[in-house]
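What follows is a set of structures for review.
Same chain, two partners: chain A is paired with chain B first, then with chain C.
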Partner chain A sequence: MKGIIAFLAVSMTASYALADTGSAPITGNVQSRCIITTDTVGVYGNPNAYTLTTSASDGGVLPVIRFDVTLADAYYAQVTTPTEFTSSPSLSDTVSWTGTTEVKAVSDATNMGDYETNKTTFGSTTQYDLTATGSTWFKSTSVATYGGNKAFPGGAYSATVEAKCIAQ
Partner chain B sequence: MLKKLLPLVVWVFSASYSYSDSISPYFGITGNAAIGSHQWIMNNVLPEPPGVDVNGVFYSYTPQKVTEDDFKVTVGNEGVWSDTEDWSGNPGGIEVRKVIGLPSVPKEAWGDGYISTEGTGTVEDATVVYSYKVTPCFDPQFDPNCPGYQVPVPPTVEVTIDFYDATKDENVNLSAADSVLVEENEEQLEKEKEEEEKEAEEKLRKYRLEKAMAAIDASALLAENQRIQQMNNIMQSAVDSQYLTATIPGGTYKETVVLVDNKIDDNKNGRRNGLAQQLLHNQMVDMQYNN
Partner chain C sequence: MYRSVIFALFLFLTTVTSHAHEMIPTYPKFNSSFMDGLLVTTMELFNKRSDVGYYEVAVFDKDFNAIPFVSSYTVYKVDYLQRVKFEIYIRIQDEPNVTYICSRSRVLEQRVSNTSVTSTICSKVKR
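== the complex of A and B ==
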């Protein structure tokens, strides 16, 4: 599984013109104050023929994504666990997906300690309100089970955890 | 995870990194100071060479607690820094990672390190790593290439030799004549010593007197030179007073002679003289053959 660095950049351009009086363009850039970095690339373990999991006890590695925020109360962090493989051998049956996201570490426990408590989850996406400046590490689990407990075809499998920084 | 962060910590606290020159400052990081205990002595953590300045700390730990419990954790060093995280009302099991930047603080100023807790909970997997800079030439004697290095002078060994004096040996029995001889010898030695001291004092006195007289002569010569200089100045001023100040008109003196016909005739007197010389020469040559 590959972690994706989602970098949200906002740029805006405005122009203003008046007939018969000329025009003066105005340009500006807004630099994002939220940076996403892949801290650890995840690995699927294969504890049995029909399961792929990032659980360490099953030989997997949890993917870890870091959010660095320099402006408090300005962004939401959204982490979405995979619901499909980005590449895999041809699959004839359905794959069921489960995944979770949790706070692994923070750089300011006093102000970030409640991130995990206040998170909201919808579908495979978990959203955190980044109320403080600093770094937050999120870890995700992902489990893929092949339909009807069939064995996964041999080959390489990859999926992606998507991370987004959304302006409030 | 810590291994991944350490290069970042080093990069944050160090602008440059070099071991290329033995006297160049270099940077480094310590091992985990909190590996065995939540209290540690800095001398056991920092490297031994003098000139060690600590410029940053990275720490991490994971608290284990019930969400509803109050729990505070403080990490720091006596007299230098401390940082407290309040986990009250927050769940445990979430690691905290912090990088604390500090101005360069000499090793000697660092007190013992500690992780203290307040409330209900425990601290697990604590890591405290210090970033430091070593300036080898903090002690100039560290290396001969250090500025201010002085070649060490070997210590002077004082040797005391006890001479055996048979005349003071109580086990030596001298006759009356020998005793008298020894006493006379000692008196003679003392007398010679006194004379040598007087002579040295006299030489020193003469030397000082010569130096004083030389200084007097030098000052007298200087005064004489000044007097002569003053007389010369007076005489020169008397001479200068006899002259009047006048301004010599300047300008350009152009050529006034004009060659009218653009040629210069030969000097007739010169030609006559030259001819007379030639005639005389011919007569002299002819005299050789006519006679």
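== the complex of A and C ==
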């Protein structure tokens, strides 16, 4: 009796397995997309009383943003450096801002090598035409100088870098 | 030997510190909706930014002037590693001008660090 049950169980399992091997559909849907990734959040260094800068040589940390695209010639990358503090102690004088954005690294040096030379800058925004698929890392420098070289009041300061990926 | 260790360390650090924002489709298309005079499209947001929990959506023309739209919310709560699908409704008469649908990360004030990064992704409407 046990033998019959075992035989039936084995034959049924085998027939299901055979049925399964007939077709194994795999479906997928790939869409073009742009992904913005914050690789490093920047930190302001304070080389003197009236300057805050993300420059590494002045004790800061450069913010690094990565753009991943899966379709060539489909997106613009725009990186805008800060022009105001998002939070700070009360400031009685004006703050002058400067900022630059550069390509830090690319995943495809052959097809992305000209990103830096072909960039356009307007105001505090730098725009890149993402002409190849892959990843591009951008680094931004932000410098804030307090009016009349006065000392920044003590307290916490924060500012925001804006990264935009715009479909063409 | 050292190269592979450094590369592994780099990958580990990159994975640990990365925060990403994604929105699809890149080229959405508006279709007729169940309401007369309104067109609809569906978008999907994916939040891989652990520092962000809210995304604001907006509709713009080619010069990035705001265009009125209707959605369940204008600011969506999207938890870390969560996907959210949402519908955007526009008026038929606005359709020729609608060019971009954008989502922008919103950082809570108490979470703002020394410098933070606001990410914006804009899809372009397909005609």
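In the analysis below, the second predicted complex is superposed on the first by the 136 of 168 C-alpha atoms of A that agree within 3 Å, B and C clash if a C-alpha of one lies under 4 Å from a C-alpha of the other, contacts with A are read in each partner's own complex, and residues count from 1 in each chain.
Here is the rule we use: a contact is a pair of C-beta atoms (placed from the backbone, for glycine too) under 8 Å apart; a residue touches a chain by one contact, two chains touch by 3 or more.
From a predicted model like this one, the values you see are computed outputs, not experimental measurements.
So in the superposed three-chain picture, is A:D39 touching just chain B, just chain C, both, or none of them (first/second/both/neither)?
Both: A:D39 reaches chain B and chain C.
Looking at A:L91, would you say it contacts chain B, chain C, both, or neither? Reply first, second, both or neither.
After superposition on chain A, A:L91 lies in contact with neither partner.
Looking at A:D114 after the superposition, I want to know if it touches chain B, chain C, both of them or none. Which is it: first, second, both, neither?
A:D114: touches chain B, not chain C.
Which chain, chain B or chain C, ends up touching more residues of chain A in the combined arrangement?
Between chain B and chain C, the winner on chain A residue contacts is C.
Name the contact category of A:V103: first (chain B only), second (chain C only), both, or neither.
In the superposed model, A:V103 contacts chain B only, not chain C.
Which partner chains sit in contact with A:S135 here, chain B, chain C, both or neither? Use first/second/both/neither.
Only chain B is touched by A:S135; chain C is not.
Please identify the positions on chain A that touch both chain B and chain C, taking each partner from its own complex.
Chain A residues touching both partners: 39-40.
Given the complex with chain A, which residues does chain B contribute to the contact?
Touching chain A: residues 1, 4, 60, 63, 67, 73, 84-87, 89-91, 94-99 of chain B.
For chain A, which residues are in contact with chain C within the complex?
Per the touch definition, chain A meets chain C at residues 31-44, 54, 63, 65-66, 68, 71, 74-75, 82, 86-87, 142, 156-168.
Show me the residue ranges of chain A that touch chain B in the complex, using the header's touch definition.
Touch list, chain A to chain B: 39-40, 103-110, 113-114, 116-117, 135, 137.
Under the stated contact criterion, what part of chain C meets chain A in this complex?
Residue positions touching the partner: 14, 17-27, 48-49, 51, 100, 107, 109, 112-124.
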